[in-house]
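The structures come next, written out as structure tokens.
One chain, chain A, links the two complexes that follow: it is found with chain B in the first and with chain C in the second.
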Partner chain A sequence: MNTFFNCKETWLHKTNPSLKLIILLCLFVFAITIHQLHFMILFTLVIALLFLFGTGYSYKHIFLLLIPFLFIFLSTSTSMILFGKGETTLFKWAYVHITKESLIRGIHIGCRALSFAMLSLTFALTTQPVKLFYSLMQQLKLSPKYAYTFMAAIRLIPIMIEELQTIRNAQKVRGVQGQRNLFKRMNILMIPLLSQSIRRAHRIAVAMEAKRFDASKKRTFFYEIGFSKFDIFFASYFLIMFTVAYLFSIHFHISRYRC
Partner chain B sequence: MDTVSSLKNLRLKFPGEDGLLFKDLNLSFKKGEKVLLLGPSGCGKSTLLQVLSGIIPRSVEIPIKFDSIQIPDKWGFIFQDPETQFCMPYVDEEIAFVLENLQVPRHEMPSRIEELLNEVGLHLKDIHTPIQNLSGGMKQRLAIASVLALDPDVIFFDEPTSLIDESGTEQIWETVKKIGEDKTLIIVEHKIEQIIDFVNRTIVFTPDGEILADGDSFSIFSHYKEKLKQYGIWYPGAWSEYKKESSSIIESKQQTSLYLDNFKGYRNKELKISLGSTSVHSGEWIMVVGENGAGKSTLLLSLMQLIKSSGSYQINNLTIKKINDLYGLAYLVFQNPEYQFLTNSVYDEMTYGTEQNPENIAKAEEILTTFGLTGKEKHHPFQLSIGQKRKLSVASAFIQQPKVILLDEPTFGQDLINTFKMLEWLENKRQEGSMIIMVTHDSQILKHFATRVWEVKKGELVNDRKVSNCMWSKEERLYEHIF
Partner chain C sequence: MSKRLKLTDILVTIVISIGFGIIYKIWGPLYYAVKPLGLHIDQLIYGMWFMAATVAFLIIRKPGVALLAEIAASSGEFLMGSEFGLEVLLYGVVQGLFAEIVLMAFRYKRFDLFVISLAAISACAGSFILDFYKGYVGDLSTWNLILFIAFRLIGSIVFTGVFAVSITKTLEATGVTKLVRPSSKKDYEALNR
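== the complex of A and B ==
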């Protein structure tokens, strides 16, 4: 993913990818268990802080990436706010019925969606696929068979995108534009693309075995990925920030806004 | 001398096909031999290489039978397609992949990688370079470097230069000559001019997969030339013997003219090709030449209005603004024929977009006959052989009766018979009054067929000259730097 734009390498890039992945998954689960509105908002802020200032990308790019996710935030929260059930009415007009409960729940769900999005983006922006799979092989004992399959597949993605464009051009020359049936149009695009991809995948597999790739044998690693102080930073960042956030929300007795 | 690789009574059959590809084939190779395998397309040369290296049946499951086989202890394999023999995104990672497979300790890797890249003459500023930034010739040399990491005694080459331009081809063979001195090399290749002095044994296969001749290269090419010609195999001097049937320009019925004025092509708002002002007339065959990435294919795309363009562009006084204006006027044949197939049978392919009237059907059948595709009407286009696919893609261009035919290296990787045939069809079209604009890397085609040459350099048409056959001794030197 990080081949799209240039970026500065930050400490997040140096964090162990497997550890990053596991902590992330834990945070996903944790976010679902949060039922206090204020804690949820603070939780989102803690992640936003990391996302905005930690990834090393320019603010322009970060903002561009954030647009679709802000849209998700707005769409999930407004639908809940406007049409959700509740008792304490704040505003009512035709089908729109805003209650205190639906407002709280709407913001809560929006925050959840936004924090999921920012967590995944932070991961994608600061992790090289190759390093991730090397780390998965070394720390989590992922079988090299799957790791190298994925790495070879990632290499094929840009080739396929370019090819799709070429096929569309080639078909335009034959006068395909008139074709209105979407299914038929997909069909004639997908068949050459897939046939080409299957053939490519097969050839790569043969080439890999010709280079003595053997998933059952022991292997050495070009990138040795271990742990460093950055991993402690990463783990303690979330630990400390969330503890502070939690204490903060308890201290101000605002836990009554439960969802 | 020791035998490094041998086969006794090999039988092999492709699933779904009737006959055996090989029937009781015997072969053996001695240490240090440089062997060239020749044969018509589809005779099974590439399959044989895969059997000799053990890829069949270990990685590719095809039923085979043999009395005995000796697979070399240490071997490497260079494949045809430079895109599909790497599994990692960066140069250093790709070679490291091989070293990892061999369980080389990590601390030895960086120096080994440098060493291997030097051996094949790939001097990169930074070895952590994306593979996709390399040219075709460089990619193949990277493939050789990663194979050298295996420290092979025998290296198999499966048409390593058939998708590479001429300068790349030269680099590849130079590298092979340098690294191959003490190794056994078994090569399948049809662009043979550059390796003919280098191989010391040539084996010729018949279309049925039997050995026609086996011996030192010089005597093979002098004794079996007629057979090679008949099978459509390239042999040294094929071009110099080739005589065009008629080179006189017949006064054509239709007159077409194409005008460009300050014509420029853009991609993502970036100026990619600028053609300036020029005009082209009926009966001209323009060859577009230039280095890889100079903008030759972009030039064709812009003339076909597949990318944004500015300036004025007219064909027969009709202003061309978008691709729909070009229907029935111009047609671009892409390099990969599969991209342009739209239907499920060869016949439907030939009648696509035309009305189903007797006239069109007769025309379609006539074109299929000229292209030697009769009897294949019911086949799915994807089931055809690569040569037939290429023929079909050109044949389907003729259905629209284009006045301007644009082609992107239509003879790439074709055997002798198909190359000459394709060029003759185009020559016919030209004499009937079409204009042809074709990208090519082949100096021989340029020499025999071009009436005009466009040289493209860094996205600009820098040289535009008319040529005729008698001028070639002089011209040859002019274009030497390109090839």
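== the complex of A and C ==
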């Protein structure tokens, strides 16, 4: 993702990738335990702040990336708003039954989906996959066998997309008609793509084994990744912001709407 | 005949998952197009998300492959900046684990449609558990919830079970599976003949 657009490096790029990942996972679990609507909205705002101003991308690109988010918000919340359980009826038409409870809950899970999406996009935009795997090897002791194969596989993605295009073109040239059957249509794309990818993966793996990429004892690394002041900065941003948000919601007694 | 995962197995598993990831991206718009209707028609194709696990297992036939495939598929999606983001990673781990448990229960020795369908159902159950925590799915009204569960279950059996088995059969015909599958007892006997 981060190779698509040019951006300037911010402090988020310099944070340790493993730490970033762990904090994100913690936030994910934390968000699931939030049951007050107002705190959920504040939570989303804290993350939106980081996403909008912290990633170092131009606003044009940020807004471009924001468009699908609106769609996520709508699609996640609508089915809960329209069909959720509840007592206080606001609107009723055929099977559609909007209640106060379902409306609140719908907005709540919409916010949740939105904040998760922004969190992970912030991560994806500010982390280089290679640095992430080097960091996982060094800080979290991930076996190099897995880390290097993941890195090799990431490099294969563009090749595979190109190959899919080639397969489609080849089929067009040979006059393969568009199948109406979903499974047949998937089959004629999937079989060539998978078989070619397996062959290529096998060749690469043999080469990697020959070069001892699977050896794990006493490795040295090209990129040495450690910790810096930015890591403290990153952790304290969430700590301080959430404390403020929590105090704010307590102070104004706005935790009435529970989900 | 080693049962441990070699580098080759890992790379092939990951590449298969990424192959599926690319196919998912093509089908993504379809998922979006039907989602906002609220009638859960999208759940019918939800089963595709577990497919990487069973296909990879059927091709490589070693312990741990189903779990690894799901993790790889989800982290690939995550690193490419999927809108579903980090939750994909958690879903991947849980779904892979649930599929793996079923395959483990049969000691990784059965590769027929029945066991694979069971694994599909199990992975589907795993995704439900997370949905109940995350999306308050249990609070949908009853008819809507039943529709939701039924559609997802049907979808996962069709895609992760039936379709995965049929795809592997076709792949076997192309001969690529011979590259990666551990040599069986029959192969050794053929050598001694």
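The rule is short, and it goes like this: the second predicted complex is superposed on the first by the 242 of 259 C-alpha atoms of A that agree within 3 Å, B and C clash if a C-alpha of one lies under 4 Å from a C-alpha of the other, contacts with A are read in each partner's own complex, and residues count from 1 in each chain.
We adopt the following convention: a residue touches a chain if its C-beta (ideal position, glycine included) is under 8 Å from a C-beta of that chain, and two chains touch if they have at least 3 such contacts.
Just so we're clear, the structure is a prediction, and the values are computed from it rather than from any experiment.
A.B. asks: If you stack the two complexes on chain A, which partner ends up touching A:F116: first (chain B), second (chain C), both, or neither?
C.D. replies: A:F116: touches chain C, not chain B.
A.B. asks: Is A:H35 touching the first partner chain B, the second partner chain C, both, or neither of them?
C.D. replies: After superposing on A, A:H35 lies clear of both chain B and chain C.
A.B. asks: Considering only the touch criterion stated at the top, classify A:V130 as touching first (chain B), second (chain C), both, or neither.
C.D. replies: In the superposition, A:V130 touches chain B alone.
A.B. asks: Considering only the touch criterion stated at the top, classify A:K100 as touching first (chain B), second (chain C), both, or neither.
C.D. replies: Neither chain B nor chain C is touched by A:K100.
A.B. asks: Give one of first, second, both or neither to describe whether A:I188 is in contact with chain B, with chain C, with both, or with none.
C.D. replies: Only chain B; A:I188 stays clear of chain C.
A.B. asks: According to the contact criterion defined above, which of chain B and chain C contacts more residues of chain A?
C.D. replies: Counted on chain A, the partner with more touching residues turns out to be C.
A.B. asks: Which of the two partners, first being chain B and second being chain C, lies in contact with A:F213: first, second, both, or neither?
C.D. replies: In the superposition, A:F213 touches chain B and chain C alike.
A.B. asks: Going by the contact rule set out at the top, does A:Q171 touch chain B (first), chain C (second), both, or neither?
C.D. replies: After superposition on chain A, A:Q171 lies in contact with chain B alone.
A.B. asks: Tell me which partner A:A152 touches in the superposition: chain B (first), chain C (second), both or neither.
C.D. replies: So A:A152 meets both chain B and chain C here.
A.B. asks: In the overlay, answer first, second, both or neither for which of chain B and chain C A:I198 touches.
C.D. replies: It touches chain C, and chain B stays clear.
A.B. asks: What residues on chain A does chain C touch that chain B touches too?
C.D. replies: Of chain A, residues 152, 154, 191, 195, 200, 204-206, 208-209, 213-214 contact chain B in one complex and chain C in the other.
A.B. asks: What residues of chain B sit close enough to touch chain A in their complex?
C.D. replies: Listed in rising order, the residues are 53, 55, 58-60, 76-77, 79, 81, 83-90, 92-93, 96-106, 109, 130, 132, 146-147, 150, 301, 304, 306, 323-324, 327, 331-332, 334, 336, 338-342, 352-353, 382, 396, 400.
A.B. asks: Any idea which chain A residues touch chain B in the complex?
C.D. replies: 3, 130, 148, 151-152, 154-155, 158-159, 166-167, 169-177, 188, 191-192, 195-196, 200, 203-214, 217-222, 224
A.B. asks: Show which residues of chain C lie in contact with chain A when the two form their complex.
C.D. replies: 6-8, 10-12, 14-16, 18-19, 22-23, 32, 35-36, 38, 40, 55, 59, 72, 75-76, 78-87, 90, 133-136, 139-141, 144, 163, 166-167, 170-171, 174, 176-177, 179-180
A.B. asks: Please give the residue numbers of chain A that touch chain C in the complex, ascending.
C.D. replies: Touching chain C: residues 1, 24-25, 28, 32, 68-69, 71-72, 74-76, 78-80, 82-85, 97, 102, 105, 108-109, 112, 116-117, 119-121, 123-125, 129, 132, 145-146, 149-150, 152-154, 156-157, 160-161, 164, 183, 186-187, 189-191, 193-195, 197-202, 204-206, 208-209, 213-214, 259 of chain A.
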